[in-house]
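Below, each structure is written out as structure tokens.
Each of the two complexes below includes subunit A, the first together with subunit B, the second together with subunit C.
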Partner chain A sequence: MSIEVQHVNKAFGDFKALNEINLAIESGELVALLGPSGCGKTTLLRIIAGLEKPDSGHIIFNGDDVSKRDVRKRNVGFVFQHYALFRHMTVFDNVAFGLRMKPRRQRPSETEIRAKVMELLQMVQLDWLADRYPEQLSGGQRQRIALARALAVQPEILLLDEPFGALDAKVRKELRRWLANLHEEINLTSVFVTHDQEEAMEVADRIVVMNKGVIEQIGTPAEVYENPANEFVYHFLGDSNQLQLNDQQIQFRPHEVELSRQAAPELQAGIVRDIRPLGAITRVTLKVAGQEQPIEAEVVRDNINLIGLQRGQTLFFRPNAS
Partner chain B sequence: MSTLVLSTTRQRNLGALTLIGCAWLVFLVFLVLPLYVVLSEAIQQGYASFFTAVLEPDAIAALKLTLIAVGISVPLNVVFGVAAAWCVSKYEFRGKSLLVTLIDLPFSVSPIIAGLVYILLFGAQGFFGEWLAEHDIQIIFAIPGIVLATLFVTVPFVARELIPLMQQQGTQEEEAARLLGASGWQMFWHVTLPNIRWGLTYGVVLCTARALGEFGAVSVVSGHIRGFTNTLPLHVEILYNEYNHVAAFSVATVLLVMALLMLILKQWAQERLEK
Partner chain C sequence: MARSVSPVIPGFNLTLGYTLVYLSLIVLIPLAGMLVYAAQLSWQDFYRIISTPQVVSALKLSFGAALVAALVNGFIGTLLAWVIVRYRFPGRKIIDALIDLPFALPTAVAGIALTTLYAPKGLLGQYASDLGIKVAFTPFGIVLALTFVTLPFVVRTIQPVLEDIPRELEEAATCLGANSFQVLRHVLIPALLPAWLTGFTLAFARAVGEYGSVIFIAGNMPGKTEILPFLIMVKLDQYDYLGATAIGVMMLAVSFVFLLLINLLQRYLIKH
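Entry: the complex of A and B
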């Protein structure tokens, strides 16, 4: 199901949370709303879900204006950052909740509900936890249960609010790959909110970069990274170096650099401050004379210039932004 | 070095022991001793006179009236308390802090004043007095007055217990329920109520205990008509003023037993709440 957001505005008192937001999401897409905290991304997600009313503007699902439609009639699955599992219910009852709340005529029988719930629990690989209570589960398990619960009512849209925000780094990485795979399988139009650019880059088909209530850029991960629309997007999507060259200020990413042990006219000199092996790449921090900010250079770990390199030595470099 | 550590722990133990000892002493003198006196006075002339006093028609009538007042005021307070706590914790609106302050009013106002206010409103010379007399409705010196007075003094208990609990729990589970298609009523019944049940039980127990024992406000509006408008606490006072100590303490024992029962229930609810 496609989602269209048209001219949406929302203010909380004097604070303008969203300013003229226009966005079109195609059926089956996985879109990330990316931005720093307070940029309005969660508000936008909640407006799409119907949890929040926009001051003006429209939300359109598959051509139908749902702006006036109540939350429970919008048929969206929603996953909260802090899971919002029903704490007094078992995992099974949590997942079954949406099915049991259906009007009597549409409600499946208990046997059908059982089959459906167990199928969902198998999908999230947690069927062995059916009788536990949420507080007995780890964060990653809770989030997968929350996802199963949201999918139980067969939503046509899945909305996820910082779904991995409360998890530790390793679980986070696992879970987002898993989510990307799941999306491949069930191909549900999905929107997720994140402040983590790496997460957005890794999972999303398209990224919507937001800042201070406006959309700065919409594009595929490659587009927004390689052709950032403005300074904000450039800085938000990755680390960057600033180098004062004569009277010119140059910006480049840490990996957009060429190193050398030999001086040459086109190269800058820097004193090695730190060498950090980070797995596949190694980060070298260089201090350039006459500028406060150090330069970070990231090169593959077997780069020839790294052999025998020590702190305090002088290294020569050149930004080679493509 | 080790002796130094030893002596400080011993000192701390001594300090702690003194404090604990003081607490027990206060507890014994101000709480246990009076309870013991009530019981021993009640049965000093044997169990027969105890039961005579307790089963006497006026005492039974007083017990009934007390139970009626509790039976009406507690459910009403549950409805009001849940509704108020819901409003305060789940919505933002103008005058919210005023409402929260007003809920506490019965805690700060003397019950006697509460009683007097009802006399001024509903008494024969009161604000609604004429209208009530015309329609032959008796509030003051009758059961409705007693129920109203009890209601007034017990208003804060349920709401006060639930507001912090519901604020802490937030609205996300309710939102999740709505998103999964639950109606307002289903959401309340399946999500909100189970989450607050122990807090609610705790509030209800406190509210009941207070309603059972309320003296001041009820005393003003009751008129002290034996067998008709006397609640148990008022009955105890009358017996005591008539120098009928055995009967007074016997009826007091009934109140005491009910209070202890409430205390046990309270403890039980609290333990579950803390889980």
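Entry: the complex of A and C
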């Protein structure tokens, strides 16, 4: 189901949370709303869900204006950052909740509910936890249950608010890959909110970069990273170095650098402050004379210039931004 | 007790010992003393004292009015807690502070104030009489006094639990298609019920034993608006210590059965 957001504005008192938001999401897409905290991304997600009313503007699902439609009738699945599982219910009852709340005529029989819930629990690989209570689960398990619960009512749109925000780094990485796979399997239109650019890059088909209530750029991960629309997007999507060259200010990403042990006219000198092996790459921090901010260079770990490199030595570099 | 994590307060023996001594001095010894004193009575005498029509009607009134007052507070208290927790409005802090007032006020003062207000010629009582409702000197008045005195219990037990229930829970239920009634029935009430029962029990227990606020508004008409604590006082005034003790023991037994039942119910609810 496609989603269209047209001219949406929202203010909380004097604070303008969203300012003229226009956005079109195609059916089956997985879109990330990315931005720093307070940029309005969660508010936008809640407006799409119907949990929040926009001051003006329209939300359109598949050509139908749903702006006035109640949350319950929008048929969206919503996954909360802190899971929002019902503590007094077992995992099974949590997942079954949406089906049991249906009006009597549409409500499936208990046997059908049982089959459906177990199918969902198998899909999230937690069918063995059906009789446990949320308290007895880990954060990652809780979030998968929350997802199964949201999917139980067969929504046509899945909205996730910082779904991995409360999890530790490793579980988070696993879960987001798992989510990307799941999205491919069930092919729902999904929108998720995150402040983690790595997460957005890794999972999303398209990224909507937001800041201070406006959309700064919309594009595929490669587009927004390689052709940032402005300074904000450039800085938000990755680390960057600032180098004062003569009277020119140059910006470049840590990996957009060439190192050398030998001095050359086109190279800058820097004193090695720190060497950090980070797996496939190694980060070298360089202090350049005449500027406060150090330069970070990220090169592959077997880069020839790293051999025998020690702190305090002088290294020469050149930004090679394309 | 072998525990892998040492408790914050050290010494299981010391703390348990202290707890037992404290409980004995404050609760067990006085109650046991009452039982021992009542043991002077034969079963027949005991039964004769507690089965007089005056005592039986007072028993019904005391527990009945306490139950009604606890139920009324169960409802109004929940509403009050809801308003205080869920809404932000000017004067909210004042209302929050007002709720504890019935505890601070001497109960006799509350009783006299309510009687003055609700007497047939009183400020509010006159309108009630116009409508044909008698408040003071009726069981209705007793319930009113008890409701006043036990107001804080339900509010104060529910309030923290309600504050802990995130809004998201209701939103999650709504997204899954639940209507407001279903959210209340399947999400909020189950989460609040154990705390609600605690508040209800406290209010009920307190109302059963309440004396000061009730005697003024009750009018103490024999067989009509006499409560058990009042009968005990009457017997004491007549130096009938055994009779007073017998009624006390009976109240104790009935209260114990009630509290036990509520506790069992609560356990059952927490488990399911």
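Observations, loosely collected:
Please note the rule applied: the second predicted complex is superposed on the first by the 322 of 322 C-alpha atoms of A that agree within 3 Å, B and C clash if a C-alpha of one lies under 4 Å from a C-alpha of the other, contacts with A are read in each partner's own complex, and residues count from 1 in each chain.
The rule is simple: a contact is a pair of C-beta atoms (placed from the backbone, for glycine too) under 8 Å apart; a residue touches a chain by one contact, two chains touch by 3 or more.
Because the structure is predicted, anything quoted here is derived from the model rather than measured.
Three-chain overlay on subunit A, with subunit B and subunit C in a clash. Once the two complexes are overlaid on the shared chain, A:Arg87 sits against subunit B and subunit C alike. By the document's definition of touching, both partners, subunit B and subunit C, reach A:Val76.
Applying the stated contact rule after C-alpha superposition, one finds that A:Phe236 touches neither subunit B nor subunit C.
By the touch criterion defined above, A:Phe317 lies against neither subunit B nor subunit C after alignment on the C-alpha atoms of chain A.
In the superposition on chain A, A:Phe164 makes contact with neither subunit B nor subunit C.
Within subunit A, the residues touched by subunit B in the first complex and by subunit C in the second are 49, 51, 71-72, 76-78, 80, 82, 84-88, 97-98, 101-102, 149-150, 152-153.
Residues of subunit A that touch subunit C in their complex: 49, 51, 71-72, 76-78, 80, 82, 84-88, 97-98, 101-102, 146, 149-150, 152-153.
Within the complex formed with subunit A, the subunit B residues making contact are 172-173, 175-183, 186, 190-191, 194-195. Against subunit B, in their complex, subunit A makes its touches with residues 49, 51, 71-72, 76-78, 80, 82, 84-89, 97-98, 101-102, 149-150, 152-153.
For subunit C in complex with subunit A, the touching residues are 166, 168-169, 171-179, 182, 186-187, 190-191.
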